[in-house]
Every structure is written in structure tokens, then in C-alpha cells.
């Protein structure tokens, strides 16, 4: 299983869990708003979104990339750079909250109320019943007024915690965000020894954190337009994204 | 006749070696000047000093009436030289070598002119061959062509017959004669063989251990009037003084074994009676036939002092 | 002077050894291009190994002509000093060995002029060699691998970085880098020429120059703070790789590269000053020594 597929699945599970909330949760309000969210997302079979991706990782000095995001039900997703070389955080593929799966085996806890920015939200925690699952915990912050997931925090065994922050605009009726902040963990970048003879200009980089300690990375995706439910270029998901 | 080379009190000192010691001589316009000395006598060092390859420790060199160090360019533009082995750019053809050195002298020569020059030294047929394929004699001739390419007034030849076969030596002799007689060049030629100098030179100098031994017209130095006489007596210092004071003979050396004098052969009897009359016992009196014997004796006793030995 | 330079260049052009350098460069470049064409992904995987899990990268696009040239130069500029020394180290000693030096010096040109002609000829050779390298490593790679954004993998202090330079921001950097390399290699040529004055065969100065470069490079690469602070700034080899400075792009507060910028121009400029100073001092010394030298060859 490729890592990207793994993440896709994780998020699929998260989202699936979110969709199951109405059944398992006692709170009637939560059930309603999640059902509404599910319905919104259900309208989208596939989309092609254009936007700009800004990657913010300490060791990565890369320009803003113009990207196109392709999605197709149930869980196919691809981020493609329009021109130039781009680093796509593998976890970023999991920004497709729109997946609706028939998943099971979650314990769902109502974690009360909170706020994302100024918006009051309902906090819901999902715990997998399978002890061997890579997913440890997922927390969803749902805006009850608009039935939109504003934040999703997911903890996995292997890659720590991802966090998705989403803002909605024109496409909120489909449950599609136009601003996504994606936080993830990455290992410290280390070049293999002896590969480069670098020009030591006397300046030293800031003292690095302890070796091997995971670092926070952040990707910001600003989506300018969605083309919803229109045919996608054929074969767009056929490769894993390295081509 | 104008002096072309005037060397005054020239010395070159290397650590531990006095290669050239207080040497003075003059080369006149039109001379074929023989520079005679054993290997290591200081010939090459002197010639290299003339060409500014080596800086003298002391003394002055004037050529064409100019100091060689202050007027290097002018002096060298009138001078051509073949120093020891006539080494050239092995990877270039005879033609290209000659053309390159013409350019080094700031001269642009037509193809026809260059070919004429090659023809002059008998290399026209091999003009396009790389110098690496040449025999020693051919290299020597090409070296001469290079030395003559800028039509110099003075030509310095350092041991030009070294390593040549008899034919090559004869060719070289002819060439020197032609340069002097037909082209009016002044030539300085060095050798460790007297007979070579004898055959071509008009004037000559003999040096040993960096010092001048004798200098003069070849005809004069080799005439019976300048016969070299070796005298052995029971009291050389007294005899030497006596000869110096009472006769016309010139005393060259006086040491415990023998006295060497240069004198007219016909004066020997009177010299003998002078010494006998002064109560000196004579062991032997040996007249030498020519300078050659004297030179040979020098060569046999000599010690190599010249660092740039050939 | 122009005349003398022409003669020196003519001599260099007529020597078979001159073309060894061009052949060597072509061979190395071809091997690199072949290897990366065949399996460039493995190299990318190696460079990316520690973050392979976190990022996806279009490796085919990343292995483009610009990137290739950087990789090739990275290796080649370590070897090229040998090729420059091969010519400059031979300039005087080779003539002494052949016996042509005394012929040259007895021509009506000053020794200083002769030395300068030889120096400039070595410089011209260096520049032509670099142009050949640019043609092979850059132009040919651009044709084979195409053109795209350029990735720079770099160790900065204790940290590794990946920098991305957009495709339209690359060519001027290469122009500047090749210019810088010409200055750096001219230092090597000056050393070789200086040593060449003392020798009567060309092997000595060539080997000595290469040894000096190797020893200084090794010392430059010892990562001990004492050496970093006290020795490195005095070694010219520390500045030989300064051409890379033109690929260290400045970033804004967000870590985003600023097009057309340099991270540390003063450092590059100072390196250039130091290299120029080396050339000046070596040429001065060479002129002094050569003018006083007794030519005994």
C-alpha cells in the first residue's frame, strides 16, 4: 500500500466516521447537522479545482505552486502542479472531506462545544474500535449552523497529527472549502553525507532541533474555482502522482 | 671596425662556484670570434649572459654600443643565437617553427620568404615534417634558420658542432664562413675544439676556469712568432722573473714544475744561454708546434666548473 | 602583446594534451547524462530519502537540464583544476624541458610580457574549457532533459535544505556561476604557472598544483570548528565552490524564494575579492621570480 493511499484511506475513515455520527450519537442536533453535511457532500461526484498551494516547511524553500486538484467518488484524489516542479505533501491528498463511505467500527464521543475563530462549533471525537488501526484519534469541529466541518485533527500512529482548517465561500453549499490549511508532521530533512560540496559562506543556519525530531509542516491551498460534476481528463488517477 | 660586443670585468658567481671570473673581451664588427675553452670553462655561462638569460654577478656587457640590460630589446633584436642543443617545438613542423619565431621577433614573413629560408638551410623538402622527426643535424640547421629569421647583425653559436656527424660539422663550417663572408654578419662561435675554431675564426679568446687565458687574432696566436715553450729548471721562480725582465717572451704561467712562455721560436737559443749564464740548470726546453698543444694541456688538467655544462 | 598571446594560444592549440581536457569533460558529462537518463529517479530518491514519506515530487520534471548541469558541475569543478594545471603547469616548465624557453627569452620581448602572454593564454584556455563545459553540461542537458524548475539540495551549516528556483530564474545564475568558476580556476592556473617557473619538466608543477588543491580541499572539508574559524578563510579552496552561491536563492519570511535574488551576495563578492587577490599576488610573485631567474635549461 503506498503511503498516499494510506492517508487517503485514513481520511476516508475519518469522514466516514463523521457521517456515521447521526446514527450513533444521542444528541439530536449533531445527528441533524451531520446528516446535512453528508447530503451536501453527496452532491459532488467529482470535481476539478484550481488553486494555489503554498508549502511552508523549514527546510523547503519553494515558490507558490499553481495546482489543480482532481477528485472522484469515492476516494480518488490527485494534486497536480500546473507548471514547474512541486513538492506535494503526501498527506495533503486527504483534504477530500467529501468522501462518504459506509464505514463502521468507531466509537463516537461528544466532546462538547468549542470555537474555531469566532464560530461556535460542536466537537466530536472518533475512536477506532480496531486496536491495530493506524488511526488513533480523530477530532472534528463542526459548525452546526452551516453543517460544515471547519477543522479536523487526526492522529496516526506513524505520522503524528494532521490538522485541517477549512474556510468556506462560494462552494459551501457543496461542502467544499476554498481555503485549506493543512498541518502535518515531517521528519527533519537530511542530505546523504558526502553528496554535495557546499559553498560555506560563513553564515550558519539557525541551530537545528534535535535530530530526527518531527517537524511541523504546513501547506496552504487557496482554491479559486471548482468545476463540479464535470468529466475529468481520462487517466488522471492512473499514476501515483510521481509522473 | 666598430665593437659589437664589449665585455668588461664580467663575473658570475654561483654558490661555491666562480663560473666566470673577471672576464673582459671585445668582438669587432665582421669578426668570426672563436670562444675556446674546455667543457665547463664558462663559455655557455658567458654566452647566456650576453643573451640576458643569466644575470651577471658583476661586470658590464655592452652590445652594439648599448648596455644589454637597459637596452635588452634593441640588443636582442639584432642578435640571433643557437645555444647548445637547437631545441625547437617538437610538435610543430619546420615551417611552423620558423614562422612562430619570426612572429616572436615581430616579423610577418610571406610563405615564399619562409620557404626560401628553409631552402637556405636545406630543409625545404621537409618543411611540413614535425621537428620531432628530424635528425640532430637537421634540427641544428633549423635552429640556424630560426636564429637568422630576423636577419640579425650578430650571431651567437654555442658549441654548434656538438653531436654532429663529420658531414654536419663540415656543413656548419661552410655556413659560418658564408654568414661572415657573404652576408657580413658578426659571428661568435664557441667550441672546446681548437681546430674547429682555427678553421673558421678570425679572432679568438681562450678561457679556462672562467678566466681569460689569451686573446688575439688567430693567425697571430698560431704563428711561429707565438710558439709556446715549456721550460723546466731547478729554480722556476727565478728563471720566470729573469725571462719576464730580460726577454721579449711573454710568460704565461710559472709553477714548481714548469714555466710556460709564448715566444718566437728563433729566440730559444738566446733564452737558454741567458738562463745558463744566470747559473740556472735547465732540465728541458720544449717548444710546442701550435696553440693546440697548449690548449690540449689545459683541457687535460682542467676541472669542470661550469654549471650549465654541455 | 597581442602577437605574443596569439603565439601562446597557437602553441596550446597545437598540443595534443590540450584536447585531453575537452575529451575528459565530454566523457564525464556523457556518463552523467546517460546515468541520469537511465536511472535519475534513484538519485532523487537518495536525495529525498529522509522526507520520502512526507512529500511527493514529480521526479521526471525535477531531473531536467538545469538540475543536471548543477549535478555535473558539482562533480566536474572538482576535477577541472587538474585539467587547467595540465596546461598552465606546462607553460614555462614544458618549454624549459624542450629547450625552447631560452629561445623565447632571447627574443626581443620582455620576460614580463612573455609571462603575461602565458598567463592570459592559460586564462583563455580555462574560459574555453568552461564554455565547452557549458555547452556539454548545460546546453546539451537542456536538449536531452528539457527545462523546468531547478532543485538545489544543500547543506547549510548543520541543516539540509531543498531550494527551488523557477525555470525563468536560472540562466543568469549559470552565466554568473561560470564567470565565477573562470575566476576560481584562474587561481589554479596562476599557481600552476608560478610553480612552472621553477621546474624543468612539466610533471612537477602539474602534480604539485594538484597536490596543493587536494590538500587544501581536504582541509577545507574537515568539519572541526577550530579549522572552520582559523584555517578555512585562508585557503583558496574554500572559495572554489563559491559559484554555488549564485544558486542559493534568498527567501522571504515565509520561506518562499524571491525570484532573481541571492541569499548572500556579500559572501560571493568577498570570495571573488579573495580569489582576485590570490591571482594578483601569484602573478606578482611569478613576474618577480621569472624576471630574476637565470635560465640554465
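Labels A, B and C are assigned to the chains in the order they are written; within every chain, residues are numbered from 1.
In the analysis below, a contact is a pair of C-beta atoms (placed from the backbone, for glycine too) under 8 Å apart; a residue touches a chain by one contact, two chains touch by 3 or more.
Nothing here was measured: the structure is a model prediction, and the numbers come from that model.
Undergrad: From chain A, which chain is the farthest off, judged by mean CA positions?
TA: B
Undergrad: Ranking chain pairs by contacts, what comes out on top?
TA: Highest contact count belongs to chains A-C.
Undergrad: Report the chain ID whose CA centroid sits closest to the centroid of the full protein CA set.
TA: Nearest to the common C-alpha centre lies chain C.
Undergrad: With chain centres defined as C-alpha means, what is the inter-centre distance between chain B and chain C in Å?
TA: 51
Undergrad: So the centre of each chain is just the mean of its C-alpha atoms; given that, what is the distance between chain A and chain B in Å?
TA: Those two chain centres are 98 Å apart.
Undergrad: In angstrom, rounded to a whole number, how far apart do the mean CA points of chain A and chain C lie?
TA: Their C-alpha centroids are separated by 47 Å.
Undergrad: Can you tell me which residues of chain C touch two or more of the remaining chains?
TA: Residue numbers touching two or more other chains: none in chain C.
Undergrad: In the complex of these two chains, what residues of chain C are touching chain B?
TA: Touch list, chain C to chain B: 3-4, 6-7, 10-11, 14-16, 98-100, 102-110, 292, 294-296.
Undergrad: Okay, in this complex, where on chain A does chain C touch?
TA: Per the touch definition, chain A meets chain C at residues 3-4, 54, 56-64, 81, 84-91, 159, 184-192, 195-208, 217, 241-243.
Undergrad: Which of the residues in chain C end up touching chain A in this complex?
TA: Residues of chain C touching chain A: 46-47, 49-51, 53-62, 64, 74, 78, 148-151, 153-164, 166-167, 221, 228, 232-233, 238, 241-245, 248-249, 251, 254-257, 259, 263-264, 267-268, 271.
Undergrad: Using the touch rule from the top, collect the residues of chain B that touch chain C in their complex.
TA: Listed in rising order, the residues of chain B that touch chain C are 48, 51-55, 72-74, 76-77, 79, 81, 83-92, 96, 100-101, 103-106, 146, 307-308.
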